[in-house]
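Questions regarding the structure given below will be posed in turn.
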Amino acid sequence: MMRQFPANPDLTVEEFELNMGPQHPSTHGVLRLVLTMDGERVVRCKPVVGYLHRSIEKMAENRTYTQVIPVTDRLDYCTSMTSNYVYVMAVEDLADITAPPRAQYIRVIMSELNRIASHLLWYGTFALEVGATTPFIYGFRDREKVLDLFESTCGARLLYNYLRIGGVSRDLPEDFCERMLAFLDEWEPLIREYEALLDENPIFYNRTKKVGILSPEAALTYGVSGPNLRASGMARDVRREEPYAVYPDLEFDIPVRTEGDVFARYRVRMEELRQSARILRQCAEKLPKGPFLEPQPLRLVLPEGETYVHLESPRGDIGCHLVSKGTDKPYRCKFRTPSFCHIEVFEHLVRDCLIPDIMAICASFDVVLPETDR
Amino acid sequence: MSPIGLNHFLGLGAVLFCLGAYGVLTRRNAIAVLMSLELMFNAVNLNLVAFARFLPNLDGVVLAVFVIAVAAAEAAVGVALVLSIYRNFRHIDLDQVDTMKG
Amino acid sequence: MIFDPNPVAFWLLAAMVTGCALAVIRAHKLYHAGLALVGTLFGVAGLYGLLQVWFLAGVQVLVYVGAIVILLLFAIMLTHHMMTPNLKTLSTQPWTAAAMCLMLLAVLLGGILSSTWQTAPDTTVYPTWTSQSGFQVAEAIPSVKALGFRLLDPFTLPFEMVSVLILVAMIAALAVARKPPTPEDPAEGCEEVVP
Amino acid sequence: MEPIFEQFVRDLTGGFQIPFWAPMLVSLGLVLAFIALNAMFMIWLERKICGRIQRRLGPMLTGPKAWARFSMWTGGWFQTPCDSVKLLLKEDIVPAQVDRFGFMLAPVLIFMAALAVYVPLPISSTAHGQPSPIVVAVADLDIGLLYVVAITTLTILAILTAGWASNNKYSLLGGMRAGVQILSYEIPMLFALMGPMVLAGSLSLGDLVLVQHAGLFGVPFLGWFLVPSFLGAVVYLICAVAETNRPPFDMPEAEQELVAGFSTEYTAMRFAMFYLAEFSNTFVVCMIFTAVFLGGWTLPGFVPPGSLNLGFFHLPYFDLLAGMAIFFAKAYAVVLLLMWIRWTFPRLRPDHLMTFGWKFLLPLSFLNLLICTVLAAVQQIYFGGNPG
């Protein structure tokens, strides 16, 4: 009689394949992880992306330079401002346009507010992934107030379409700075409250400490950027290394942790919330008067050439590679998005973890799927 | 209906025991054999308790407690063996676990 | 007081026990056999209840259903694909086995019927502790206390031996079911393997 | 239950002899009604507490608008009845690839367990028309605590069966997790309960309460086993949360990990049965905690009169009603504690859960048993024997 001997004698139970996603409560949209499991332990993990592909880059090739801006909103719905910004920056770089100083400040204000909104959203969902429901509501509650500020500025709460080539679409409302400062005064003490809910909780501590450790070398190899890179001990920040807009005039620290685990990523983002508030206060103080937009022709024609610019979005280093053939439409518009790189890391980090660790690790990287697939 | 006496319980115990024995003899799956063994344990226990109550002597119940304890130990070791067999052969068909035959 | 179990309850329980036992030895899906085993065990627990040995009925459910059967079900889940029925249920000679078992049954029943048992109504004075009078007070139903005293008074040594046996069995089970240690094996294995 | 019930009927009708099956039927009906109504109330309360903790209002729209205007605690009263009706009316789906027998059996099994576990739970006592106070329970079993623990194991079986029969990997993982978790936490739980058992010298829940009322070392305020067996109470409460699969121990149905664990494939009425059983079990562990550690329906040094005469109105069975009020007040205090825990903590990881149970709770429960045994011996030697 046939006797089957095991291929791998170390197996205790049968390995099976588990499709986590594309529809799963905690893959935030449509990430699919093909997991090979040994009981609760992950043997292999293969992330599958592309379920949310909308061919944004191709669409950009068929629109005039101004018309592309609303499309970039959809790049990352959590931080539309920075997506707008990186594209506008590329166009301005190629066309050699400089936005007026007031517009520069407004852009920084919007970027930082959006960073706060994005990190708050992340805080809520991350806590939800490790099973705490209450922080979710806390995070979303305060995000609402940021969205109110956006709404009063550009009329939209999610997809702003606010930045323009050469400035921003409209000036800040009269009382914007007062309202922003009032919000910061009210909100900054609440960061302590967020931390109190999670930081000192032994369950949370055990779930996140020494879980999903990403070494600095591996982080660089995979192209990890932003808070995730800084949590692995690399003090890299585009705002500091290749300062754009008015960042050189502003004082802020770059929070760094050396552990590289889930907890470190969480802490770095919490500190970034404080730093963003600090930047915003300085901006409110220094905001100059003057024009907010240097008007450009409706049908803007860019000289032939190409450029690559990048900036620090809440998720990391987002870049735009723009190629112009001297027409009114981009020849090629390629976005380098941080989430795409971060998803690659899962394969490496999730191995030998338990299912709950997958959730904690994936959530800690703050991956946004529309940005990944574009 | 006629009153129920000791013989009724003993008869039921005998039926249960034979069903268990049939299972042990015919089942090929190790876990199924373990289950049939539990049936036989239960038949014995039933007899012990019936004796304890009809020939009034509590010792039968005490013995039944011991049997349950031993059955628990047996099941633990049995399942461990089954898992071990499964790890080595990728199946738990007892008729094919015959490498000791040489 | 003559001890007289309720006949209706007895026959119902007997039918349940026998029916479920048949399912245990014939079910095609092993998991169903496990569920049927639970039915049998509950039936036997009911019979214990009928015999007024409530403590044993409780222990039966707690240990058998709560531990042993769950353990067996775990073993089934770990060693089988989820839904494949166990195809080769019976060995090559089911009829020989059936004949043998029927003969065994005949012998047992013959023995039972031909014997006369010295049955007697339960008049034992089960010792019970009360604060007023120490050991005394008769109880017709073997209470948990009576059983406890019985277990610890003449049967102390076997009682302790059983605890040693369980300890040994536990260690043995761990030793057998453990993964062979590999260098990169984490100190804390996955939890399902520990029976 | 029976003597009181007979007495009650006799009082009411003037000497009517009830058939033997009537008390059983009545108590079955009472328990069923209690499970349904209490679960509805608990779900409403849970949502309100959750809302309070998360700084929102919770359900406010269903129910009388005038009440909702008054405060958040008076709004949304009809939310859970509406939800139940919705669940009842939904299509009952049995997926094609499931094991039909197991799939249909599991909810029935879990509900049976939830129902049967109420039998020995004492909620009050009365001396009305009786020579000595009688414990009000469906049946105050001699093996009460053992019975409760034994019946609880049926829950594991049901969840395992649901997980296996659903033929879904998430369900299977959820079922396995539940099995391992409940099995592991049953052991420290049993040992935690053993402390009070030793102190009272009985397994019967009614006896346990009466012993607590009598007090330890002759001091009634030491009577609640919460005091002498404090460690046991803590261990029991933690294990009880784990046994009922409530967060932070809700690994088996962890939404973010296993979708809905063992109940992923269940819809409509079958899902409602799981849900109902879960809330019922939560309340049961609170009732057991009340009876075993918080002195049940008694307050130290307080014995309610058998009937209350207000002059214009004579209230019989006053001791029964007062006992019930005290008992449910205590039980709901424990419920509130569990809800507070639920909405504050993140979820544990399965291996941490195992380590916590085996390496921390189990030794702690052993220590508790040791302390209780010493205390029981002291009580027995110096204060005239076992109070039980």
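By written order: A, B, C and D. Residues from 1 in each chain.
Rule of thumb we're sticking to: a contact is a pair of C-beta atoms (placed from the backbone, for glycine too) under 8 Å apart; a residue touches a chain by one contact, two chains touch by 3 or more.
Given the structure is predicted, the values throughout are model-derived calculations rather than measurements.
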{"item": "Pair sharing more residue contacts (C-beta pairs) when B-C is set against C-D", "value": "B-C"}
{"item": "Chain occupying the middle, per Cα centroid", "value": "D"}
{"item": "Gap in Å, rounded to a whole number, between the CA centres of subunit C and subunit B", "value": "8"}
{"item": "Separation of subunit A from subunit C, taking each centre as the mean of its C-alpha atoms, in whole Å", "value": "59"}
{"item": "Whole-Å separation of chain centres (CA-atom averages), subunit C against subunit D", "value": "28"}
{"item": "Subunit C: positions in contact with at least two other chains", "value": "55, 59, 67, 69, 74, 78-79, 190-193"}
{"item": "Residues of subunit A touching at least two other chains", "value": "9, 12, 39-40, 354"}
{"item": "Subunit D, residues touching no fewer than two other chains", "value": "176, 350-351"}
{"item": "Subunit B residues touching subunit C - in the complex, by the definition given at the top", "value": "1-12, 14-23, 25-29, 31-32, 34-36, 38-39, 42, 45-46, 49-50, 52-59, 61-62, 64-66, 68-77, 79-84, 86, 92-93, 95"}
{"item": "Touching residues (chain side subunit C, partner subunit D) in the complex", "value": "29, 31-32, 35, 38, 54-55, 57-59, 61-62, 65-67, 69-70, 73-74, 77, 82-83, 129-132, 143-145, 188, 190-192"}
{"item": "Interfacial residue positions of subunit A with respect to subunit D in the complex", "value": "16, 18, 24-26, 37, 39-40, 127-134, 137-138, 141, 197-198, 201, 203-204, 206-207, 354-359"}
{"item": "Residues on subunit D engaged by subunit A in the complex (per definition of touch)", "value": "50, 53-56, 169-170, 173, 176-177, 247-248, 250-251, 254-259, 343-352"}
{"item": "Residues of subunit D defined as touching subunit C within the complex", "value": "97, 99, 101-102, 105, 141-143, 146-147, 149-154, 156-157, 160-161, 164-165, 167, 172, 175-176, 179-180, 183, 186, 201-203, 350-351, 354-355, 384-387"}
